[in-house]
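Here subunit A shows up in two complexes: once beside subunit B, once beside subunit C.
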Partner chain A sequence: MKWLSDDKLNHLRNVVSEPDFGATKYTFVKELGRGGMGAVYLAEDRELDRLVAIKVLNTPETTEDLRNRMVREAQIIARLEHPGIVPVHDVGTLPDGRIYYAMKYVRGSRLDEYATQGASLRDRLRKFQAVCDAVAFAHAHGVIHRDLKPQNIMIGSFGEVLVLDWGVAKLLAGENMSYSSYTTYSHAADTSDGTVIGTQNYMSPEQARGEIDQLDERADVYSLGAVLQFLLNDQPKVSKGAQAVCAKAMSQTKESRYATASDLSADVGRLLDAEPVSAYRENAFERVSRWVSKNRFLVLLVLAYLLMRIFLIFTSRR
Partner chain B sequence: MIDPDTDIGGPLHKFPVTNHSAIINARSDDQLIRRRAFDTILASYWKPAYKYVRLKWHAGNEDAKDLTQGFFAHAFEKNYFAGYDARKASFQTYLRTCLDGFVANERKAGARLKRGGDMDHYQLDFAAAEDELAFHASTNLNPEDYFHREWVRWMFTLSVEAFRQRCADLGRTIHFQLFERYDLSDDKISYASLANEFGLDTATVNNYLAAARRDFRRIVLEKLREITATDEEFRTEARSLLGVNPE
Partner chain C sequence: MSKPLIGVILGAVLGVFDGLTAWFEPTVRNQLGGIVVGSTIKGIIAGVAIGFFAKKFHSLPIGILFGILVGAFLASLVAIMQGAHYLQIILPGAIVGLIVGFATQKYGAADKHGLVTDPR
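Right after this comes the complex of A and B.
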């Protein structure tokens, strides 16, 4: 038997791990990354002459459960038409039986990379608000993401915000009948109570305990709070209001959290407008200092006017 | 510790039994099934085990040969592999741990026992293994990683041979020849050159190579399935084998 050098061995490993798009309209370009469920590749759509991101289940022999989950992910995203949710173009099966789906290829940075590029606090809060709005849209259509984290959020080249990776999303029971075509893949079919799905540090306590049946929009609200905390971590001056927003979103009991992602988004909007947030009751001094900070120009104008008046009074008496 | 990856699993995660697993069959009461299972395990592990003994235990080639044969003979006699519990470690780790224990005991006894009488009918090509050692006499890997890497190398080597045989059996030698020229040779060659060399058009070369790679992949995974006990272990080892860190 012929000896396989390290180079040859690595080549063969790539040969068997790279997806075979031979029977599809896509041409493999390169691997973009790997996650808990699959790998994402950059590929060229030969028919439409454009680049797409293709997610392929990485597991060599997909179980029916995982296959269903991948198809469900594509179906869920395909129905969520929102500028903050990455669109799906196509779903299919590779010749080796692995499921793939083609998505819009988003050029830009992941939120965790974006945060290291010196973005200001205001910019971070604006991006975060856009994430909340996309998630709120999904919630309104009966879908909870369950795996929100900076690695699953992309900031596009033009500043657009996109929420990716809906692979472990869950349909809320009894929601929107237009989703009936894939309710056969409901949470009861693919994740039983006691199964932990999500990412440590970003998942709610009930999710970490595997209480699948207890999960609702507020599990995502917790994750959004953790994302906000991540964005605030390296900021030198974080107001008590912002800290309180984080703390409320990340409350241990879901009853104490924001009821919806929209409520959280509204409080972040108040932070941006220097308005009082629902998560924090200010004392009189804080109220005044926030008002002064918000109306700095007006305060300076009044101060300048008063100083001028004093000066005039002083000089006229002389 | 922060784990950036999505985790799917949990306290109630179940590990279904893998079909056609030599590891499962090693527990069989049927002597014939057990023997076949043992043959599969031996074929899959003897070479990395030999190299590991040479490297970690600084054994001379004759010593390593006897220890390797002795280990597998002892494993069969004592039915070591039946004691494997997939919930505790991968089979590879279990086998390596058993091997370490065996060599340590042999060394402690102070006498190199000539074992492996039952192994004589196996044609284990120790000379080839010894030649290969010359290619990687110095390595920065620790013995455990070295064992794993050599096991991966051996799995791919066996898979190439199995693929060659299967192509011959199915009358698809051209598929293997294309695969050999493009994926196994050191020459950098284009599809167009291959098409010219084999008297085919480029699209056919593309199709044949895609089919060959697909079949090769299937064989690699079949081999892996034979020597893993659970679906979970199979998936983990497959990721490892395909160059992806499962953690």
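Right after this comes the complex of A and C.
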């Protein structure tokens, strides 16, 4: 009897774990990653001749509850048509009963990888503002993400920003009844009071305590604050204004946070424009130094003019 | 704030300052009031012209060049009237024009239908 080598065994294991896309229009290319709920694969759409990312449940025995969550995730994302939210192309079931959904394949790097590539503070803030805008759009449509973190944010090859993984998203109460199907899933999914969903270090205190009923847009605002903190961590010179924006977004009580992601985005915009932020009250000295720093060239011109004037006064006296 | 208004304010402030420096010249110190008024009016005229130019043409280098030319031209008229102190009058006037040209291109509400010659 001939024994199989480790390489061959590993190959067989991989082949067995690969999803069977035979009955679909997709061809398996490679695995991109695995998360708590499913694995994401790169596949080729044979009909449209393009690459797509396909999320499939990674557990062979799929419960009804998990299936509902997968479908719900796909429906939620499909409903959020925004350049900052990864679009869903298709939802279906594999021959083994597992549910999959095909999304746009985003080429680029995750925000945590992007941050290590030497991006400037301005670039980081601009990307972060784009994340805030995408999240604000979702909030406006009654959806909170609940798992915002650098690993769930992609920066595309052309600088586009996409928020991924809406697997634990929640619909806010009082949402339009035309979305009743989501509400049904929302109740069916494992998001009952006491269940902790999210990622440590990025989830709000109320989310960490499992107070699901208390969650609203401000839980995402907290997570956004934590993402901003992550982006500022390795920066040598962070203004008090930027620190205050982080601190306000990450307040322990949700009442003290920004009311919306748009408010947070607006303050980040003010940071970018070197204007005063709502989270920090400057003293007169800080106000003047910020103005001088913002208008450095004009100040230099006026100083040059004054120096020239003094020079002319003294030369004309001789 | 509109660009012409920025031009007027900056032109007037620098004009006042420019006029006040005449105090350091003992030969004209007794005419200080007239010099300050004249210098302020010159600054305002330059500010209006440069501000309106900035409203119509959105280009930092061209705006600065226009500012220098307007400032130098108005200062030359003053210098010719005085018949002396050419450098002391024309050089500061040109630099005031440069500053106003820069400021009006950089700040203030632009004319939506203005000609953009520099996309920056």
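Operating definition for what follows: the second predicted complex is superposed on the first by the 305 of 318 C-alpha atoms of A that agree within 3 Å, B and C clash if a C-alpha of one lies under 4 Å from a C-alpha of the other, contacts with A are read in each partner's own complex, and residues count from 1 in each chain.
Heads up, the rule we're going with is that a contact is a pair of C-beta atoms (placed from the backbone, for glycine too) under 8 Å apart; a residue touches a chain by one contact, two chains touch by 3 or more.
Predicted, not measured: the structure shown is a model, and the values here were computed from it.
**Q** Is A:Ile313 contacted by the first partner subunit B, the second partner subunit C, both or neither?
**A** second
**Q** Touching A:Trp3 in the superposition: subunit B (first), subunit C (second), both, neither?
**A** First partner only, subunit B.
**Q** Contacts for A:Asn201 in the overlay, against subunit B (first) and subunit C (second): which applies, first, second, both or neither?
**A** Only subunit B; A:Asn201 stays clear of subunit C.
**Q** As a test of reading the superposition: which chain, subunit B or subunit C, is in touch with more residues of subunit A?
**A** Of subunit B and subunit C, more residues of subunit A lie in contact with B.
**Q** Regarding the shared-chain residue A:Gly210, is it in contact with subunit B (first), subunit C (second), both, or neither?
**A** A:Gly210 sits against subunit B, while subunit C stays out of touch.
**Q** After the superposition on A, what does A:Ala304 contact: first (subunit B), second (subunit C), both or neither?
**A** The answer is second: A:Ala304 touches subunit C but not subunit B.
**Q** Where on subunit C is subunit A touching in the complex?
**A** Checking each residue of subunit C against subunit A gives 14, 17-18, 21, 24-25, 85, 87-88, 91-92, 95-96, 98-99, 102-103, 106.
**Q** Any idea which subunit A residues touch subunit C in the complex?
**A** Contact set of subunit A toward subunit C: 297-298, 301-302, 304-305, 308-309, 312-313, 316-317.
**Q** Given the complex with subunit A, which residues does subunit B contribute to the contact?
**A** 2-13, 128, 131-132, 135-136, 152-153, 156-158, 160-161, 183-184, 186, 206-207, 210, 213-214, 216-218, 220-221, 231, 234-235, 238-239, 241-244
**Q** Spell out the residues on subunit A that touch subunit B in their complex, using ranges where they run on.
**A** Interface residues on subunit A, with respect to subunit B: 1-6, 8-17, 20, 22, 34-37, 39, 58-61, 63, 95-96, 147, 149, 151, 165, 167-168, 192-201, 210.
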